[in-house]
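In structure tokens below, several structures.
In what comes next, chain A is part of two complexes: it sits with chain B in the first one and with chain C in the second one.
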Partner chain A sequence: MDNPTLPIPISYISGRYLLFSIDAVTYLRREHHICGVLIGTLSQLPQQNVFLGLPLELMPEEARLLVDKGVACIVDEAKAHGGMESLAEEDRRQYLRELESQGLHASRLLSDRRDQNREQVLKKLDEKSRAKALKAKEKKEDKDVSSPASEAKEEPLDLVAPEPTTSTPASKNTGRQQAMGVTPATSYPPLPQPNSSQHLPPPEVPLSYPLFAHLSTRGYFLSPGLRFGCQYVAYPGDPLRFHSHFLTVSSEWDEGIDLMGIVNGGRLGTGVKKGFLLGGPQKSRDEAESEAERVESVRTFSIEWAGM
Partner chain B sequence: MADKDEDAIRGTSVEATQIETDLSDETQDFRLLNHLNFLTDTASSSLPKRGEKDFEPNPTEFQADVLSASRQAMHNALAHPRLHNPNTQVIGIYAPEGPAPPPGVNLEDVSKFGGKGLNLHPDACVCVPIPKGQYFKTMGQADRWNRIWLLPEEALFLVERGSLDIRWPTEITGAADGEDAEELSIPMSLQAAYACFIGRGGLTLERYTVFTGLRRTGYAALRAPGWDDTQAESSMDRNQEHVFRYPQRRGAGLVGVLSQVFNWVRDPFCTASTTAGPAVGCGMHRNYVDVYRRLAMIPWYDPSLAAERDPLDTMPPFRVVFHIFKPSTPIKKTALPPPDFRIAVVNTRETTSIPTLEQIGTLLESTPLDPPRGEKMQRMLYMRLRNGYRNVILAVVDQGIVSYLRLADAAFGKEKLYETQAPSSASKRNGNYRNKKR
Partner chain C sequence: MTTKRIENPMPEPSQLTELIDSMSASTNPQTATTLQILHNLQYQHLWTSLQIHATPADMASSAEDPRPTLISGIPPHRVYTHPDEQLYMLERGLRDDDLRPERLFVIPTAQGQRWSLRRMAAVFDAMSDIEVAADDESDTVALPEGAKAEKLEEYYRKRAEADITKEWGSKRALLGMVDKGMGGEGTVVYYIVQEGEVKPRQN
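Presenting the complex of A and B:
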């Protein structure tokens, strides 16, 4: 797990924020508690929806938080990929050579593994047949030594089995190795990293951003929560290992809240053994000069159904 | 002492209750993936069981180790490269300008065949010159030169699952000419594919997420006629016209109810009148059915009478954008069977409220009548109600997480409980006079 160079470029594609680099994804998860949502297909298990792969979709709030921390920057990917046109001949050739060597490496790994597997299987077969032969011999010795004809018949069995171990792997192994085709996850290289003048401004965020930032800086892992009937689900640690503690809903300080909303949230949260967390900044967007100031003024309330 | 604590924690972590069974509902422990051997045999691998989670972080090394193992497993799974075996590799070529005849064919020859001459979807943007493999049965369109053209979502899905290798066209990367060009074409990265295909021809990331989510589990998803949001404005006038005619479409409607009332008043055998006397009327009532029928004064909506609408009369995003076919439905690309499901895709960040009655109404009326059929439906009242007469599925996408909601037009008014035969439990009570009479 290498640490990526900062700031991490977040791809802005058609209004959404995506990450394609695995190192960036692991780093942000580990160091900044940003989980995002994996939306891609895992190429090794493409027919299920339980484990998904790259890219990682980030909420605008997550992208904004990272940009405000100075950890990430936003890159307009459509524009950046216009750079494919101006790729130098030299770079292109070098990139292709690189891909080919990756492909060769992969195919070598694969064939090695195949050989290993085959050897294991053959070894097992060998042991089995040997054990069989041994048994047969013992039996015969037990029975009688007077039937040499049957012994001659049994003999070849012993010889046939070990033979493949010596012949097949050798013949396959020396065969030509073709490079596998590789579809890289990111376009950098061959594209050059865009410089800071090409970065986009920080993402627009919804009114709930201060609450999001507040909880995130206090170590919570947040993920989109509509599926559970709230805005964000707050986890006390990495969602890989921990259950969530709070169903979170943000509200402006002067905004009226429907009492039924609180009752519903409280009941829903208690029903799934989570707290219902209501919170928001005390300063409205008109009163505060920046989002950071709003983040400072956040207060949170937890509502639990006592269930008397 | 520390060991004692750790033991205690280890003990409790096993007791985690497993209430939910939907694995895709929550973040899964990627360590489970380690048990599967990807590179050798994917066919035999089955999905792992749900992982166990702890309540909250504690400062034990045991927990830290487990977490870092989980993260490492996730890292490994995600870092797995997309490889193409040279023997089965399928190569596609990105065509940023849309479908075009192969190089060397004169455009004028092509234009004889009408339109752009290719009779292909204008949004198609990846050409597969040598199509092989099973995917093209339900995806893509073939042109006259037996090349397959893929729509952006189809191409992107195939790249993502490692089944297609898309190359940058040599016009863009400007490779040398001749045979060298073939060798020097640059493979498109996943990132490049997203950058080029998302946003193209109305393909939003939300629609794509729904598309892949269904495709992964075996459904075939094809674009519906309502795909293009921009067609909403052009049909604005017609839309208003429909709003005007709205009352007529609501089942019996106002006129229907009035005429019912008139019939009722003129009925010579009926003594009932709500203005003078009981609603059921005075006189002899020989069975309950008649009484109940007289009491049914509140008009109700009959979905089977509602006329069908043009899919373009609906209001985006509450408009069917995908036709979904079950894996068991045989699909012929030239003659498509009626879809098994119709899906509208909603982005929660753009549409923050649930649809209005009018939005739901127009959306449902844009789908064909699908009354409850079959022996089971005939028998079971609640299945019938749940199935409804028209139905549509809303895919609600919240930042990459999809929830599916099924909306159906239930017809409670059609289920006259007083006319149905009482269930067998009632007939067990043999002496029930009323039941026998009916």
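Presenting the complex of A and C:
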């Protein structure tokens, strides 16, 4: 579990904030409670949306939070890849060689593991057959009758054993030329890491950002709330381990709240065993100098149906 | 076919209407809402020791945005128990009915009224300043004896701690909402509002 080098570059591509590095994705989830949404599907089967993979799409709020924390930076991916054409032929070759050596390393690891497994299995078989032979011997001694049949029985097992041992060195030799294909998900080894002058400004965020940041600093995991008819769903821990606690809706301090909205939220929340959380910053954007100041001033209210 | 002549086309005013007529001299619509919810609490939910409290005068108010009022009273049964508190009580074999009844605040509102976070926060802030007239809460419940009394004492000690750490939730109030619009039939619904992030009861 290597921690990626900070700040982690978040790729800004046609209005979306994406992460392509699996190390960054696991690190952010583990340390910063940022889950995002996996959106990568198979190019051959774009309809299958049950098992999605990289890239991970971040909400602007998530990207902004990470930038404000100094953990990540925003990189205009199209611009950053302008250097791809001017990549020197020598660099290109070296990069390809590197990929190949990575592939070799991977295939070597795989074959090593396969060998280990095989040895273990053989050892077990060997022990079994020896135990059998021992038993047979005891039986023989008991009966005091020597029969050649029991030795013949052992034979096939012995025959199996030497065969793989002769084939393993061969496979090790052939493993040299069959390097596994490595498709890197990020393009930052061939391209230089974009320096801080190339970073984009922090993402524009909706008015609900202060509530998002407030809940995030309290340790909640937040995910988009469309599925539950709210702005964010707040989980008390990793969503893989916990049910969510709140359906969250943000409001400005003086923004009108329809009481019917509270009834709707309260009823919906109670119906799915969650609370309805209404909150917002006390300072409007005109009053506060920065979003951080707004985050400081957040107050929240939890609402549940009283059942009477 | 004979048609029955209607002697008196105006029905008698309801108990509620009479109450509102007798109690509110002002034309403030908030007063009528408050009285209606008070009436509902008293006769439908059997609350006792009901009181009406005014919120501080510095709260913004206008004709269409009247200053909110507060009701407080004692429900016949406990309305809200925090999940952790419930677990604590369960471990000690305590039931809701063993505890002494507690006063709870109710925020009366009418459907269609304009609310905001500022208003909600102001009502919650006002709640801690309101002095509740002393009432005889103690004699309404028979004091349990023996082991239970000990456990209750332990519970109240823990509760005092929890009030400071806020682990069993902080300030709470019921939001009472009455439908007074066109065709409103006077139903009142109640929601528990608590300050801060308080985990839901059934999760």
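Note that the second predicted complex is superposed on the first by the 220 of 308 C-alpha atoms of A that agree within 3 Å, B and C clash if a C-alpha of one lies under 4 Å from a C-alpha of the other, contacts with A are read in each partner's own complex, and residues count from 1 in each chain.
Keep in mind that, in the parts below, a contact is a pair of C-beta atoms (placed from the backbone, for glycine too) under 8 Å apart; a residue touches a chain by one contact, two chains touch by 3 or more.
Quantities reported herein were computed from a predicted structural model and do not represent experimental measurements.
K.L.:
According to the stated criteria, A:His243 is in contact with first (chain B), second (chain C), both, or neither; which is it?
P.N.:
both
K.L.:
State whether A:Leu54 touches chain B only (first), chain C only (second), both chains, or neither.
P.N.:
first
K.L.:
Just chain B (first), just chain C (second), both, or neither: which does A:Gly83 touch?
P.N.:
neither
K.L.:
Thinking of the overlay built on chain A, is A:Ser251 touched by chain B (first), by chain C (second), by both, or by neither?
P.N.:
Only chain C is touched by A:Ser251; chain B is not.
K.L.:
Please indicate which partner A:Ala106 is in contact with in the superposed arrangement: first for chain B, second for chain C, both, or neither.
P.N.:
In the superposition, A:Ala106 touches chain B alone.
K.L.:
Just chain B (first), just chain C (second), both, or neither: which does A:Pro192 touch?
P.N.:
Once the two structures are laid over each other on A, A:Pro192 reaches no partner at all.
K.L.:
Tell me which touches more residues of chain A here: chain C or chain B.
P.N.:
Partner touching more chain A residues in the overlay: B.
K.L.:
Of the two partner chains, chain B (first) and chain C (second), which one does A:Leu277 touch, if any: first, second, both, or neither?
P.N.:
second
K.L.:
So which positions on chain A get touched by both chain B and chain C?
P.N.:
In chain A, residues 236, 243, 245 are touched by chain B and also by chain C.
K.L.:
Taking the touch rule as given, give the residues of chain A at its contact with chain B in the complex, in rising order.
P.N.:
The touching residues are 1, 11, 13-16, 18, 20, 22, 25-26, 29-30, 35-51, 53-55, 57, 59-60, 77-78, 80-81, 84-85, 87, 89, 92-93, 95-96, 99, 102-103, 106-107, 109-110, 113-114, 117, 178-187, 190, 206, 223-227, 236-243, 245.
K.L.:
Which residues of chain C touch chain A once you look at their complex with the stated criterion?
P.N.:
Touching chain A: residues 45, 79-80, 109-118, 120-121, 124, 174-175, 177, 189-203 of chain C.
K.L.:
Which residues of chain B touch chain A in their complex?
P.N.:
Touching chain A: residues 23-30, 33, 36, 38-40, 42, 45, 47, 53-57, 63, 66-67, 70-72, 74-75, 77-86, 89, 157, 159-163, 165-166, 168, 172-176, 184, 186-192, 194-196, 198-199, 204-205, 209, 212-213, 216-218, 348-349, 396, 398-401, 403 of chain B.
K.L.:
What does chain A use to touch chain C in their complex?
P.N.:
Touch list, chain A to chain C: 215, 218, 220, 234, 236, 243, 245-246, 251-260, 262-263, 266, 269-270, 273-275, 277-280, 282, 299-308.
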